Amino acid sequence: MEEEMSGTIKKFMFINRKAPYGTVYALEGLEVVLISAAFDQDVSLTFADDGVYQLRKGQHTKGIDVKNFSPTYRALEGYDIEKLYVEKESLDARGLTEDDLLVPVEVLTSAEIGALMDEQDVVISF
Amino acid sequence: MKFAILVNEGPYNHQASDSAYQFAKAAIDKGHRVSRIFFYHDGVNNATRLTEPPQDDRHIVNRWTKLAEEQSVDLVVCVAAALRRGLVEENLAPGFRISGLGQLVEAGIQSDRLVTFGD
Amino acid sequence: MLHIVNKSPYERNSLDGCLRIAKKGGAILLIEDAVYAATKGNAAEAKLKSAMANLPVYALSADLEARGMHESVIDGVKLVDYAGFVDLVAENPNVQSWL
Amino acid sequence: MEEEMSGTIKKFMFINRKAPYGTVYALEGLEVVLISAAFDQDVSLTFADDGVYQLRKGQHTKGIDVKNFSPTYRALEGYDIEKLYVEKESLDARGLTEDDLLVPVEVLTSAEIGALMDEQDVVISF
Amino acid sequence: MLHIVNKSPYERNSLDGCLRIAKKGGAILLIEDAVYAATKGNAAEAKLKSAMANLPVYALSADLEARGMHESVIDGVKLVDYAGFVDLVAENPNVQSWL
Amino acid sequence: MKFAILVNEGPYNHQASDSAYQFAKAAIDKGHRVSRIFFYHDGVNNATRLTEPPQDDRHIVNRWTKLAEEQSVDLVVCVAAALRRGLVEENLAPGFRISGLGQLVEAGIQSDRLVTFGD
């Protein structure tokens, strides 16, 4: 990292709004999140709309011959990425509850997510 | 039965080319003929010989090439769509050929079913 | 006629377009992200159930399994594998993909 | 054209459901339609959902530096492509009427379009 | 915060997500196919008008003109060119694109 | 002000790269600096030197190259996304470089605003 960056800590929020497998955004978004861990920034992940499906338990991708990347969400803790927010309204609309998700998350309302989003320096949406 | 397939999205970014491949394979396994697969829009990117996906991932382009070689499926890439996107003879994978849009219409006329996979 | 839908009923309007236009006598096949429409408790459930009175609805099992939704399928939705997908295309006189 | 094709006349319907310019589907879809004219088939075009926006009068694309392809719809008649159907429900939902469109079309209900679609041999959607 | 939306309100749910989550004090910019949401008589008109009570709504004029919709803009929507787009990004402390 | 831009879709298929270019140009015209443009997902296809769009259409790739040369904008293509899609040094257009995802995070840290264009 360059000299000018030392000491800079920014708030990064990655917003996941897409379902997994139908498109690559969920997988390649996760790759950015993992890389961001190396930069010692204040990183959080938000799952809203179809993005909440990324965290669904019990994904088995053998039948479509695509790599199952859902175990990676469990590995985020090891990268010190521990702020995972899920929008309550999106869960409700899909008939899902926290118990359906494969990692512990903080369930927030739309308004609470909006407030958190406002505080960020950098927001990247996948 | 004689099937033709239209693939409208590139590899990896959308599931379209995966679904199209699984459909083609299942059709052949059931004794049908897949006469032509036409690649249009970003679908032309299925035909580049330069992809190098991670080792533990499927190789979408090679999978198409193998299908063409083993099952004599005619893999046609639309020339106009390909030129817009940088797909030319220079980076064309084996088993594919570049031709005109007429090949899509012809496939619709000559096959019993034309099934489209896209975004 | 076989109507194929591949997008989530939340993200896109393709299932809505299909349900509005598809005629009785046809069939609907949900693949890729559209399989979420075939799961219990989703917001499109009522729409899909009402469509099922006129058209049989199928969903691709491999796509449901990939997404961890294979145990949440709405009663009456028929599961097919890729071979079943091929059969549906062959059995119906024509096919439309709602892109 | 190959020998086996002579005499075969199939019903082809091209369905346009995407707005122009935001994606290339409308433009590249039109290119297929033009080519199809050379094959002497029974060709029709249906505009539904955001596809009805393709036919909007008064498109001026200089500001986005993208080619304005809307005049091509007016040229379809010269290719003997005269069956243009527009879904009434889609027009209504967008606050548009036939007068807003740059070519003469036949406005049909969803049910009528569904019936026509059923009669086709080949349906291609862009 | 500047919220950028680029998809048609009919085809996608991105404007809905934005309107649900965007906080008062921010601003919404409609570009590309999202400019249809800024036009009179469209089905999202009521939603957009109600949002305008809390957040100013801007639309990119070049995208409206390309689509032939520049004379159908809802009262109260502010038109900007690309330079105005840059100003909006600079004036707001942060930005989110609703992809 | 210092801007960074993220482009997530390929040329011609989506308006994203057009909008990103117009935004970058307008920012520079207003006296801002566009320090880096990062190409991710299908956005890597903006960097192929092999596109040949119709004569009467804009040349998206050449437009980026010119921007890099005249305004010293750092055009970075994500290596992992590029390998999946067949974009390598062999078909890379002038003005682009292939590098890691860290360059995107770094751009977020070092710039005042990061603006994303996608689908």
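We just call them A, B, C, D, E and F in the order they show up, numbering each chain from 1.
Assume contacts are C-beta pairs under 8 Å (C-beta built on N, C-alpha and C of every residue); 3 or more make two chains touch, one makes a residue touch a chain.
Because the structure is a prediction, the values reported are computed rather than measured.
Common neighbours of subunit B and subunit F, by the contact definition above: A, D.
Counting only chains that touch, the fewest steps needed to get from subunit C to subunit E is 1.
A centroid comparison over C-alpha atoms places B as the chain most distant from subunit E.
One inter-chain figure worth recording: subunit D and subunit F are separated by 33 Å, centre to centre, where each centre is the mean of the chain's CA atoms. Per-chain Cα centroids separate subunit B from subunit D by 25 Å. Centre-to-centre, using mean CA coordinates, subunit C is 38 Å away from subunit F. Those residues of subunit F in touch with two or more other chains are numbered 12-13, 15, 19, 22, 41, 57, 80, 114, 116, 118-119. For subunit C, the set of residues touching two or more other chains reads 6, 10-11, 13, 32-33, 62, 81, 94-95, 97, 99.
In subunit D, the positions touching at least two other chains are 21-25, 49, 64, 66, 121-122, 125.
Here, these are the chain pairs in contact: A-B, A-C, A-E, A-F, B-C, B-D, B-F, C-D, C-E, D-E, D-F, E-F.
Per the touch definition, subunit A reaches subunit C in the complex via residues 18-23, 49-50, 53, 56-64, 66, 68, 70, 93-96. Of all residues in subunit B, only 10-13, 41-42, 45, 48-54, 57, 61, 80, 83-88, 90-91 touch subunit F in the complex they form. Remark: subunit D residues 21-24, 64-67 touch subunit F in the complex.
Subunit D contributes residues 15, 17, 25, 48-49, 87, 89, 110-111, 113-115, 117-118, 120-123, 125-126 to its touches with subunit C in the complex.
On the side of subunit B, the complex with subunit C involves touching residues 1, 3, 8, 15-16, 19, 22-23, 25-27, 29-30, 32, 112-119.
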